[in-house]
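Here the structure is laid out as structure tokens; the discussion comes afterwards.
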């Protein structure tokens, strides 16, 4: 129990409350920043300017949005199931914040160091799907229902590759404690030895976060926002808050597990400020990648999404876990083990790419340009008539 | 027609879900409504409903003289206004036997092809959104469309409802810097086509979503009366610019694009390649453009036509845009029928959609590139 | 995978380009001189009276019947002791901007070049709270050109 | 000008050849040609219409497999014309088929069995002109609300909606000088 955040010992409960308060406050600010950042970055990807009119360079846009959402009427359809409808946002919102308990920002900068931190994060993160299904069911709207069922199918499918990818990293790091995992990659981050799990992790968080190409549950052009279609005002903003908080947390998790967290490449001795900067940079890079994928990719179809998870990602991730176990159970010297891990993982990544290429097929040759003779003009018409 | 194997059929009782898509739905391109009967995610039946935009445009055009009617044609086809106006004024010219000066014809061709570019950009953008890209394709295509619309505004004075063609020629001449401006627009357009092509055409996810979806065979497409890129994607090389050349299309060198598979992907690629051909056509037109009059020497103040009838069709971006004009003499048509290209394409929607997924229904509808104002008139 | 990477490359290349956004209410793009907003009446600065004689040509040619014109004898005509050559002059003129479809036909049919399309931003930014406010009467229609605020473009 | 004359001659020759072909294909159907500005018009009486259309579509030499457009023309006291614009994709020629319906019997057999494309066109003509297409598989209204079945907006006797023309206070049309 490291209840000495503020430099002196206080009551454990008071300490926990202080930490939680800090986190919730920070989270709200971070989410607002993320929304602003996403709008600006996506705007640049689309050669636009993004928000410019609220505050200097549009900085206050998120604040304005938040105020508007809070002030908006909280509408509930008459035919909705009142309890399920009203409670659903909390079921989405609370688990995301619970994930935060085990996420480390810097050395000794987390709410609680849990021995099974990774396990805890995964366990809690899968609860929020209940909220999604509740929202879809409670809204009494067919789009919402369709979206909620899609969300449930998708979340369950992609939970498994996510778990498997993190377990394989846990095996390599010899711990499920996030601080330990970061410490174990002081020299070389895990992404080098385990590129396949990183790929799996990235794909799975895209699906967990419902971002393109996996935004099927909320697909604007199909189910018009899916489970949120009937929500407005503060409840809708809770869904949104949860979504961006999850983005932030999963990016931090990815930074810690795969990119070396605060340790690599500076090492643990550097000050708290540097550690925070490193974490922020790595998480920021992941978030940028998510945004980048979002502006580029079309949406997959539900059957393609499921097939990709169950037929490609999941078997491969099992193989990765088994391979890691096999390599490490014989306890070869460190460098040989590392090279073996990297080789297996790299081969797996290439296999996934190969499967992706071959499942879609080669680009079809460009359409034929009909030669002039085949599309003969008027003069030959009378001939043809004869 | 795609058929999706459905292994657990009849294993247990399921109930089909009726989903009412539209008239206010982000991907119905206006106020189209279709009622989908879905079994899980698979579409079992689809019933399209149109008519939310019906304004009686044909009846109104019968009350307007030949100059006033031009403004109405813009409003039936708000993405290819020049092409719509062209059909109308050419029908009047055919009835009144007007000679159109050469310069006016070349300018008409340039504007129609530019309009085809702007319309196809609109398609690629909207189609990207239907396929699920977060606005990127849309913004890229609007960026290019904006450049073209700016040029149209400099020429005709309006960004959308040009009312620029007149029976016998054009309302007024193009500005002096026309050649330079067209060159600028084409430069930007080429980059835009390249962006759009690079963003979508080869993208694996895009291909997974579009290849072999919404297939329609050549025979079916002909039977349903499909036109334009939808028909050509099925492999029928029917393009009125080549089969029944009007204006000076017979003097130019360009290719007719036909697909091989008749699926959504082919309809997309056919349009992208058509944009390249349009650029070619405009370049050739600019070489042949000479100074001269833009209206015939003797044009009556109030145009009257002898009795007669004509069905005049031109190749608009979405296919054959026909004007069936019956005149009983006088300064207005006795009957004006607008043969809308989207109307014909939309008929085939049901055939294409049944058996596909809900998400595919959206993509198939997007690939038809409907303009509801034109469907309902 | 190659296609995905190509797409990502395209978006990244665009990321480096300059944004094309026009910050509309803050900066107004210069309008071409042919821009057509809504029709306006022109003011004869030499004789200090409108060009319009109230001849109803535009009213009859208007496809949407958005105009109403009344004419009167010109009090400023030579026979009345004035210096104008116009025997008749516009008395009242209304244009319903809510109905006008900006087709430019009124400008084309005018024999006196007395009507032109507004080609300034003021002509486009005409939102009001009541549709009745969009019915413009003669002083309103003449005000812009009388004050010298527009340079009309009339096709030949 | 010579080029135009040549084109006109060519068009006439084309119309003549098409008519020979059509006349052969329509043996047993009383058809009558009429020249027009663009395409040859063939008149077929309503009771033989679908037989004639089917013959035109399935004739090996003509093969009018593409229905461009189907519409009605209201001739007021002379009844209605139903007009079919046909196109042959293989042969690249056009034909307009017309049938005149007497005002007291505005009904004709449906062409949906010949071209599926006729489906929506016939529905539209039916609601807009009140021409009944016998044997149409789905004769609901297409563009108008389904409950309106007694009003035919595109007929000549259907009034235009009144639009209020006058603006400004105290203005009446009687003040308009003649």
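A, B, C and D are the chain letters, set down in written order, and residue numbers restart from 1 in every chain.
The definition used in the following text is that contacts are C-beta pairs under 8 Å (C-beta built on N, C-alpha and C of every residue); 3 or more make two chains touch, one makes a residue touch a chain.
Please read these numbers as outputs of a predicted model, since none were measured by experiment.
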item: Of all other chains, the one whose Cα centre sits farthest from subunit C; value: A
item: Core chain by centroid distance, with centroids computed from Cα atoms only; value: B
item: Centroid distance [mean C-alpha coordinates] between subunit C and subunit B, Å; value: 30
item: Geometric centre distance via CA averages, subunit D-subunit C, whole Å; value: 41
item: Whole-Å gap separating subunit A and subunit D, where each centre is the average of the chain's CA atoms; value: 59
item: Where subunit A touches two or more other chains at once, by residue number; value: 45-48, 295-297, 356-357, 363, 376, 378
item: Residues within subunit C bordering two or more other chains; value: 1-4, 7, 10-11, 14, 20
item: Subunit B residues counted as touching two or more neighbouring chains; value: 136, 140, 143, 199-207, 243-244
item: List of subunit A residues in touch with subunit B within their complex; value: 42, 45-48, 142-143, 145-146, 212-213, 215-216, 219-224, 294-304, 356-357, 359-361, 363-364, 366-370, 374-378
item: Residue numbers on subunit C that touch subunit A, as the complex places them; value: 1-4, 7-8, 10-12, 14-15, 17-21, 23
item: Contact footprint of subunit B on subunit C as seen in their complex; value: 1-4, 6-7, 9-11, 14, 20, 31-32, 34-36, 61, 63, 101-105, 108, 117, 119, 153, 155-156
item: In the complex, subunit D residues that touch subunit B; value: 36-39, 41, 65-69, 71, 73-74, 83, 85, 89, 92, 94, 96, 115-117, 119-120, 141-145, 153-154, 158, 160
item: Complex interface listing, subunit A residues touching subunit C; value: 43-49, 52, 292-293, 295-297, 353, 356-357, 363
